[in-house]
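Note that chain A is present in both complexes that follow, paired respectively with chain B and with chain C.
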Partner chain A sequence: MFWKVFIPVVAFAVILGWGLPLAVAADLTKANASFEVNKMGDMSDFDPNKPVIPTGDTIKIALVASFSGPAALVGQIYYISVLWAAHDINKRGGILVDGKKKLVEVIKADHMGKPDQCKKICERMVLQDKVHVLWGTDGSHLMKIINETANKYKVIAHNTASLTDDLQDATNFSRYAFMSSFSTDQIGRGLANYYGQRKKEKKFYILCQDYMFGHAMAAGFKKGLKEFYPEAEIVGEDYHKLFLTDFAPYLTKIKAAGAEVVYTGDWIPDAANLLKQSRQMGITLPFAHIFLDEPNFLHEVGVDGTKGLVQLSQMYTDNPYFKTPEQIKYYKMWNDLWKTKWQAPFNTKLFEHGGGNIGSYNQQTYWLLSVIERAASTDPEKIIKVWEGDTYRFVNGKTLKMRPCDHKAIQDLYVAEFVVPDEQKVDFNIPPHHWFTGCSYAGPSAKIPADKVLPLMDEKLDRCKGKNGWGE
Partner chain B sequence: MDPKTAMYIAQGIHGLAYGMILFLVASGLNIIFGMMGILNLAHAAFFMLSAYFCFQFVSLTGSFWAALLLAPVATAFFGILVERFLLRQVRGLGHMAELILTVGVSLVILAAVKIFWGTESLPVKIPPLLTGLVSIAGMDYPVYRLFVIGMALTVLAIMSLLLYKTRLGKIVRAAVSDAGMVSALGINIPLVFMLVFGIGIWLAGIAGVAVAPILTVFPGLSDQVGMDAFVVVVTGGLGSLSGAFIVAIIFGLLSSYGVQFFSQLAPVLMFLFMAIVLAIKPTGLFGERE
Partner chain C sequence: MTNKVSKWVFWLVLVVILAAYPKLFGLYYTNLFVTFAIFALFSVSFNLLLGYTGLLSFGHAMFFGAGGYGTALALKHIEGLALLPAVLIGLLSAAALALILCPLVVRVSGTAFSMLHLAFGELMHVLALKLRNITGGEDGIGGFPIPPVSIPGIVSIDIRQPENFYYFAVVCLGISLLIIWFFTKTPFGQIQIGVRDNAKRIDYLGFKVPQTKAVVYVVSAAFAGVAGSMYALFQNLISSAALNVLTSFAPITITMIGGVGSFFGPIVGSGIFQVIEELTSRYTEQVELVIGLILILVIMFAPMGFMGAISLLKQTWFPSRTARVALKGAS
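And now, the complex of A and B:
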C-alpha cells in the first residue's frame, strides 16, 4: 500500500519539478513573430538627415518626445531608431492593413519636456494629424499623459522608453497602452540580482532623479537587494532635481559614505554631468546604471574613467554579441551607412553601432509594426487583440512576451561590465573586436532570467487578479 | 582632521565654486538689467553660445586659454550686434517689447547652435595645467573648481575697478541715473549703452567658458542656469554687482549644505531665500531699483 501511494506521489513531484520550469522556459523560446534580417528592404539610401516621409493614406506614428530643450538629443535618438524601422517597412512596400498596402509615416511631436506641451501636442496629433500610434517617450511623467490621451481618444500608445511601473498599474492602466521596454522594478531587481550573484561589492549608494522614474528606480533596487542580496547595505540615498548643474555636493556625500557602487537611473544630460564631474573629482566608483552609455560623453571621460561601469540593457545578450551571420549582416547594414553616408549630427560615435538604446527602440518599433501587420489593420481593437500575449524575437535573438493582463514586457535581462578596448572582444567578436577605442564599453555579460525579474504586477488591477507573474 | 569635518569643509568649497559660477552668469545679466533696465531673457542663451564657442576655439587651436580669451569676445560681438540692430530699435517701446525681442533672440541662438553643432554633448576638457586634485582639509578637491573661484573673484575685481574707479565707469553710472543730462554734456549715450550691453554679454561669455569643462555643452545648457541666474539678480538687487556676488555665494552654500543636510529641500532653498528677501526688501538685498 505504501508503494502504491509513494510511487505516484514521487512521479507527480518529478513531473512538476522538471516540467514546470520547462513549461515556463518555453514561453520565451518560441516567438509568434521574429525580426528577420533577410526580409529587410534595401536600406542603402537610408539617411536620417534626408528622410523619405510618405504622406497621404499612411500608417501614422507620432513620435512624441523632446526635440528641443535639455533632452533634445534623446528625441534625436528616438527619431533615427523609429525612422530606420519605418524606412525598412516602406522599402518592402509597406504593410497590408484594412485591405490596402500602406507606408509608415513618422511624425515628430515635440513635447519639449513639458507636461502641458505634451498634452497639447498629443491631442493635436490625434485630432488633427489622425495618427494611429503615439510612440514615446523621455519621461515617465510625460508618458502618463501620452497614455491618458491614447485612452481618451482610443489610439495605441507605445511606450518604449519610459520605464516606471506605475504607468501600467491599476490607477493608470489603459487597454490602449503597451509597454515594450523593461521597467523600473525589473531594472532594479535585475541589477540587484547581478550584484547578489557577484557578491563583490556590498555597499551601495542610490542617487536618482527626483521624479516618478527616479523614485521607482530606487524602489526596484531596494526591493531587489532584499530579495537577492540581503546582506548588502544601502549607505545613502538621494534624489536630485532634473537637469542638475552641480553634482559635487552629492558626490562628496557619496564618497564620505564609503559606498562601493552608485546606483542611478540618470539619463542625458544628468548622466553625462554625473559621470564627468565624479571623475573630475577623483571619484572612481562604478555606477550601476542603464543610461550612462552615450559614447560621446564616455569618450570625454576616457577609458580609465569608464572602466568598471555596470549596465543593464535591453539589448545585451550572452557573449558574444554576434552569433549568426544575419546579426552580422544587420550590424554592417547600419554601420556601413554610418561610415560612408550619414552626416552630422548622425555621424558621431553615438550612432556608430546602432545597438544599445538605439537598438532597443528600433526593435521595439519593429515589434509594433509586426503587430499591426498581423492585425492587418490600424483598428486599435484588432491591434490590442494581437499584441496581448504576443511574443516577438529581436534581432539579437531575445524573445519578449507582452503580458496580456497589463501590457508589460516579460524578458530575460542582461548586465554587462564596461571593460577596456582590448577586452571588449569577449562581446564584440567581429573585426575590429572592440566597440570603442576611446572608452571602456560592454564586456562580459551576465544573464538575469525572465522568471527572476518578472515585471511588477499590480494585483489591484482587475485584469491581473488571479494571474501568475506570466499573466497566465 | 576627521572625515566628517573634511566633508563639511569640502561642501563649503563646493558652495563657493557653484556660487562663483552663478555669479559669473548673473553678473552680466545684473549689469544689463540694472543699468540699462533691459530684461535680457537671452542672457542665458549667450552664456550657452559662449560654451559652444569655447568648444570650437579649443578644437581649432587646441588651447583652452585661447578659448578663454576669444570665446567671450566673440559672444560679446554678437551681443553688440543684437543691441545695435535690434534692441535699440525697441527702446522707448517699453519693457514688454524688449522682453519679447530677447525671447526671440534666445530662440534664434538655440536654433543656431543646433544647426551648427547639433544636439549631442560636446567635450571641453579641463586644460592640463588645471587637471588633478589638491588636498584640502584631507579631502581631494579639483584644481579646476578652485580656478573657477579665482576667475570669478578676478572678474569681480575687474568690474568693480571699471565701474567705480574709471572715468568710463562714472559715465556709465551717470548715464543710468540721468541719460538726458549726460547726453547734454556731449556723451554718446547709445554708444555707452552698447558698450554696457557688450560688457554684460562678455561676462556671460566668461561664464560659458568657465562651465564648459564641468557641464555638458548641449542645447539645454541655458535652461540649466538661466533661472538660477535670474533669481540671483533679483535677490541681490538690480544694478548691484556686490549684491549679485554676495547672493550668489549664499545660494551656492545653500545648495551644497542643503544637499548635505536637507537633501530633499535643496532645490528650493534658494527660492525660499529669495521669497524672504523680497518680502522684506522688494528691491533686493542691495538694490536701489525695482
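And now, the complex of A and C:
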C-alpha cells in the first residue's frame, strides 16, 4: 500500500519539481518579443557612408571597437550592423523611455585594439558622452575592460562579439554585462558534435590566436571531442600571435602532422591570411571555423579553394535560409541598398547579403533595443530586470534566451558546409539561387540543438549555484 | 628676492590647483591627468638617458613593462601585500633588469646602444607573449587585488576610487621628480652631462665612464619601473602591449616634443601629448598619424622642443641685461 502511494507521489513530485521546469526552459519556440519586419521604418535613405545620427536627449550607444589599426574592418562591420538597427528605430520615431520618445544615437569609440586606449575611451563615453550602453567588441581581453568599466560606472555592457566564456565566470561576472552572442565552449563543442555525427574526418589540428579567446576556443573543441567524438585524434596544436602575416611555419607543421581538418577561431585579418597562404602552399585541407566567411578574401581564394570549409554560425538556420516572405522583404531591403546606394567600404561583397556575422550583430542590437523598449527606461536596473531570462526571436525565426544567472545566451547552433555556387540553392532558395558565384559558400546545414551546447556555466558563481544548464 | 617670492607663489598655486583638480575638472579629466602623470614620469626617466647622458634607447618600454609586471605579479601572488611594497617591487624589477643588461650596454653608445635596446625590447615583448603561464600572454594580468594606501592604525585610503588614485599618482610623481631632480643636480649629475658632451674628456679627467653610465641607466630604469607600476595599478591590467615598440617610442616622442635635455621638457611634452591625443581622437581615427606629423614638424622647425622654443622666445622678447650688454658690444 505504501509503495502504491509513495511511487506516484514521488513521480508526480519529480515531474513537477524537475521535469516541468526543464520542459518549459528547453522551449525555444516561444519568445517574449520578436523582430517584426512589417513594423520597420522606411530604410530607403539608410546610408552608412552618410549616417544620420541624432544628438541631444537620446538613447546613447557607444560602439567600442577597432576603427583603426589592422582590425579596422571589424569596426566597419559592427558599425553598419548597429547603425542599421538604430536608423530603423529612429525612422519609427524612437523608443518611449522614461516617459519620452527618444531616438537612438550611435557613437563610434575607437579602442585601437589597445587595452589602455580601451579603458580611456570607455571612460570618455560614460563620463563625458553619458552613454547608456557600451557595445563591443573585437577581443575578449578588451571586452573584459568594457565590462569592468560598465560595472564601475553602472551602465549596460552589451557583448555581441567577444566569445570567451571567462567574461561571465565567477571572477569576472558583472550584473551590467550581457553576452548575447554564442561563446567559445559552445562553438568548440558544437563543431565537435558536428564531426562526431559525421564521423568522416578523424585527425584534427588546432590553430588559434594566442590570447584568451584562442585558448578558450581550443579548450572547448578538445572538451567537445572527448564528449561527442572520443575516437578523434588531435594531431597538433599551435597558437600564433594576433595579426600574424606569415603562417608558413604553422602550415608546414599542419601538413607534416597529417591532419584532415584544421580547427581555428582566427578572425580577420588572421583568418584571411591563414586561408590564402594555406591554398598558396597547396594545402587544401578544410577549415572548421566561425570567421572564415568574409566573401572578399573567399573570392581571392576562389571556388575550389573554399569548397569544403565548415562554418558554425549563430545566424544560420535549417535549410533553406529564407523561410518567410517577411524575411525575404528584409533581405531585399538591405541588398537593394547595397546594390544602389552604398559606397566604399560598404559596397564590397562583405556587405552584400547582411547575413552571417553582420546579421547576427544586427539582430543582437535589435534585441538590446527591444529590451530597452520593454523596460521603458534607460535605467540599467530596469534593463537588467527585463533582459534576465528574456527570449527574443530574430528575423530568421531563431530564438535566443538570456540565461538569467550569468547573462549568457542560449540558442540552437547550425553548422554549414561550403559548397560550389550551383549547390548553394539548397540554402539560398530565392533568385539567383546562390550566395556568390566566385567562391564556395554555405550549403547544407546541420542543427546542434541548444541542449547539446548550453553555454558553460560557472558553478562557483553564486547566482548559478543549484541551477540547471538553462539557469532554472 | 622678488624672483624667490614669485617662485614660492608659483609652487603654492600649483599645489592648490593640483589639490582642487578633481573637483574642478571632473572624473574624466582626473583620469586623463593620471595618464599624463604616468607618461611624464616615464619620459623624465627616459630623458635621464637621452637628455642628460646622450643615450637614445629604443627599448625603454622593457623597464616600464618590468615595473608593471613586477607589481601585478606581486599583488597577484603575495597575499596581503601592501601597496607601497608592491610599487617598490615594480621599481626593483626594473632596476634588476637594468643591472643584468648594463654590463653589456654601457660599453656601447650611439646607434649600437639604440639598436641593442630595440633588440632587447623586442625580446622582452616576445617573452611576455610566450610565457603565458606567468605573464598572461596577449591578455596580460588583470583583476589583481589593489590594496589601499595604509598607515596601520592611522589611515587607509582606497585607491580604486579614481579621485584617490589621482592623489596617489600626484604624490608618486612629485616624489619621483624630486629625487630625479636632486640626482641631476648632484656632482654626479654634472658628470653625466659631461659624458653626454665629451665622454673622452670625462675619461681623461679620471672618471669611469661605463660605471657612470651604469648608475644612470639603473636609476633611469628604476623610475621607468615606478611609472610602469603606476600604470598597472591604474589600469588594473598589464599586458604585453606595455612592452612593445610603440610604448618605447612614446617617451621618445614626448621628450622630443617637450624638449630634450630640459628637466621639465618631458613633463610639458607629456601634457602636450595628452592634449593632442585627446583632441585628435575626437575627430579622427588616425591619432598616430597626427602625432607623427607633429613630431616631424618639431624636429624640422623646433629641434629643441617646446622648452627650447620657449627659451628662444624669452631671449628674443625679454633679453636679459647681460644679453643686452653683449648685443651692444657686438654692435
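In the analysis below, the second predicted complex is superposed on the first by the 447 of 472 C-alpha atoms of A that agree within 3 Å, B and C clash if a C-alpha of one lies under 4 Å from a C-alpha of the other, contacts with A are read in each partner's own complex, and residues count from 1 in each chain.
Quick note on the criterion: a contact is a pair of C-beta atoms (placed from the backbone, for glycine too) under 8 Å apart; a residue touches a chain by one contact, two chains touch by 3 or more.
All values derive from a computational prediction rather than experimental measurement.
With the C-alpha superposition on chain A as described, chain C and chain B clash in the combined arrangement. Ranked by how many residues of chain A each touches, chain B and chain C are led by B. In the superposition on chain A, A:Glu300 contacts chain B only, with no contact to chain C. By the touch criterion defined above, A:Leu350 reaches chain B but does not reach chain C.
When the shared chain is aligned, no partner comes close enough to touch A:Gly99: not chain B, not chain C.
After overlaying the two complexes on the shared chain, residue contacts for A:Gly56 are found with neither chain B nor chain C. In the superposed pair of complexes, A:Ser68 makes contact with chain B and with chain C alike. In the superposed model, A:Pro249 makes contact with chain B only, not with chain C. In the superposed model, A:Lys241 lies in contact with both chain B and chain C.
Taking chain A as the common frame, chain C overlaps chain B at a single listed stretch, which among 27-35, 117-125, 261-269 or 315-323 is 117-125.
In the superposition on chain A, the residues of chain A contacting both chain B and chain C are 68, 72, 210, 241. Residues 26-28, 31-32, 35, 129, 132, 137-140, 142-143, 231, 235-237, 239, 241, 281, 285-288 of chain C are the ones that touch chain A when the two sit in their complex. Per the touch definition, chain B reaches chain A in the complex via residues 3-4, 7, 10-11, 14-15, 17-18, 21, 110, 114, 118-123, 125-126, 133, 139-142, 144-145, 213-216, 218-220, 223-225, 228, 255-260, 263-264, 266-267.
Partner chain C is touched in their complex by these residues of chain A: 67-68, 72, 108, 110, 112, 114-116, 119-121, 123-124, 127-128, 140-141, 144-145, 148, 171-172, 209-212, 241-242. Those residues of chain A lying in contact with chain B across their complex are 68-73, 75-76, 210, 238-241, 243-246, 248-250, 252-253, 256, 268-269, 272-273, 276-277, 280-282, 294, 296-297, 299-300, 344-345, 348, 350.
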